[in-house]
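We call the chains A, B, C and D, going by the order they appear; numbering starts again at 1 in every chain.
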Amino acid sequence: MVTVLYFARLREALGTASEQLALPESVIDLAGLRQALVGRGGAWAQELAEMNRVRAAVNQEMASADTPVNDGDEVAFFPPVTGG
Amino acid sequence: MVTVLYFARLREALGTASEQLALPESVIDLAGLRQALVGRGGAWAQELAEMNRVRAAVNQEMASADTPVNDGDEVAFFPPVTGG
Amino acid sequence: MTVRIQTEDFDVGAETAAMRKDNPSIGAIASFVGVVRDMNEGDAVSEMTLEHYPRMTERSIEQIIGQARARWNVIDALVVHRVGVLKPTDQIVLVVIASAHRGDAFAACEFVMDYLKTQAPFWKKERTRQGSRWVDARGADDVAAERWQLKGR
Amino acid sequence: MTVRIQTEDFDVGAETAAMRKDNPSIGAIASFVGVVRDMNEGDAVSEMTLEHYPRMTERSIEQIIGQARARWNVIDALVVHRVGVLKPTDQIVLVVIASAHRGDAFAACEFVMDYLKTQAPFWKKERTRQGSRWVDARGADDVAAERWQLKGR
């Protein structure tokens, strides 16, 4: 299981702030997890397909497509940040 | 008459904060006034002879050797500033 | 070195006074306060809501402060970032850097702000007459952050 | 735009709050506080006395603020400089610059401080164990002020 968190525009568009997800065996990195979520279609495909509109973190560190994802990790998807 | 003001180290070394001075006829600029004051000898010569240790203002604007000095002006001599 | 994420307002005077009293080697304190503006991209803004990623946000700011300390003389540093609902003229973010000299204090303060704008996980939603909208990341902020990688001290 | 020379202390929080309330187009407030250090050039400093040139000091600071406004977006500016007897950890000088954006606020604030250090008529006398001494002008401050003549915005 991994914990997946969604923030800001993604949280609203997907209608969820977090979920527990059984990691498909084929998923070994962030790109794989994102592909699995896009495969749900609908808002998931729309929000997560364009990677330049989405950032991600694994265990609270900024992550890239090839960052490994393992059981027990906390993965977060969110738009580019707009702080300060 | 001109008003001459002295600040900081100069004020202490010369023992005066200000004086009213009848402008000698030969004095037309800051360099001339300084020369007249240096001519007093003693602390005046010591403090005002080395121009790189002294700054001056005429009517509250920073001035240089060739800045004109006229009757009624306010002239100030002081060390390089050390504010903030 | 302190990082706080809070809904409450802050007082830059009280924060700098506390820093100052603790350390007589401090000669310079540079501060920055970000304020909610009543306009953005041509539209009147009546309110904004700030969201963050608890724990990751604090951690990323601590890392940013660590980078500033490695680069400049930093005696003390404070970052306070508000979340929740804010209105025009409200304070959003405070960065305070204390140093022996002003050049270090200014550089470290601006560095932390530039990184806060581009890397710390905060998201802004604005309410305008047309409704609510999430603010898009601005290219100018990325440029501001990038120049630190090119510029020497 | 306000310039004050005073013996009393100041509160950066109250000053920035007053500025903020007046103008909802302010998005960024950069502040600098100069503080009396307990050491200078290797000697313990127990006290310092600041002297100024009444009227000329205020006027020169107003000119400096005018130059900053010509160069950057400055919505409001405040300079408070204390004179008289000050002790370590006491505040000496405050510069606050309010702007729409942070880049302008930081640049104008640092510009005003650099000029204050090199051009405004203030003189510092320090008391150390060896007695009292007038502080000499520092070369580093002139360098800091000069770079503004070379650097573009």
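Before moving on, here are some points about what is shown:
Heads up, the rule we're going with is that a residue touches a chain if its C-beta (ideal position, glycine included) is under 8 Å from a C-beta of that chain, and two chains touch if they have at least 3 such contacts.
Bear in mind the structure is a predicted one, so any value in this text is a computation, not a measurement.
Summarising the inter-chain layout, the chain whose CA centre lies farthest from the centre of chain C is B.
For the pair chain B and chain D, the distance between mean C-alpha positions equals 26 Å. Centre-to-centre separation of chain A and chain D, using mean CA positions: 48 Å.
Per-chain Cα centroids separate chain A from chain B by 73 Å.
Within chain A, contacts with two or more other chains are made by residues 84.
Across the assembly, chain C contributes residues 34, 102, 113 that each touch 2 or more other chains. Contacting chain pairs (ordered by label): A-C, B-D, C-D. Chain contact summary for the complex, chain D toward chain B: residues 34, 50-53, 55-56, 59-60, 81, 92-93, 113, 116-125, 134-138. Within the complex, the chain B residues that touch chain D are 5, 7-9, 57, 60-62, 76, 78-84.
Only residues 11-16, 20-21, 23-39, 88-89, 91, 100, 102-103, 105-106, 109-110, 113, 144 of chain C touch chain D when the two sit together in their complex.
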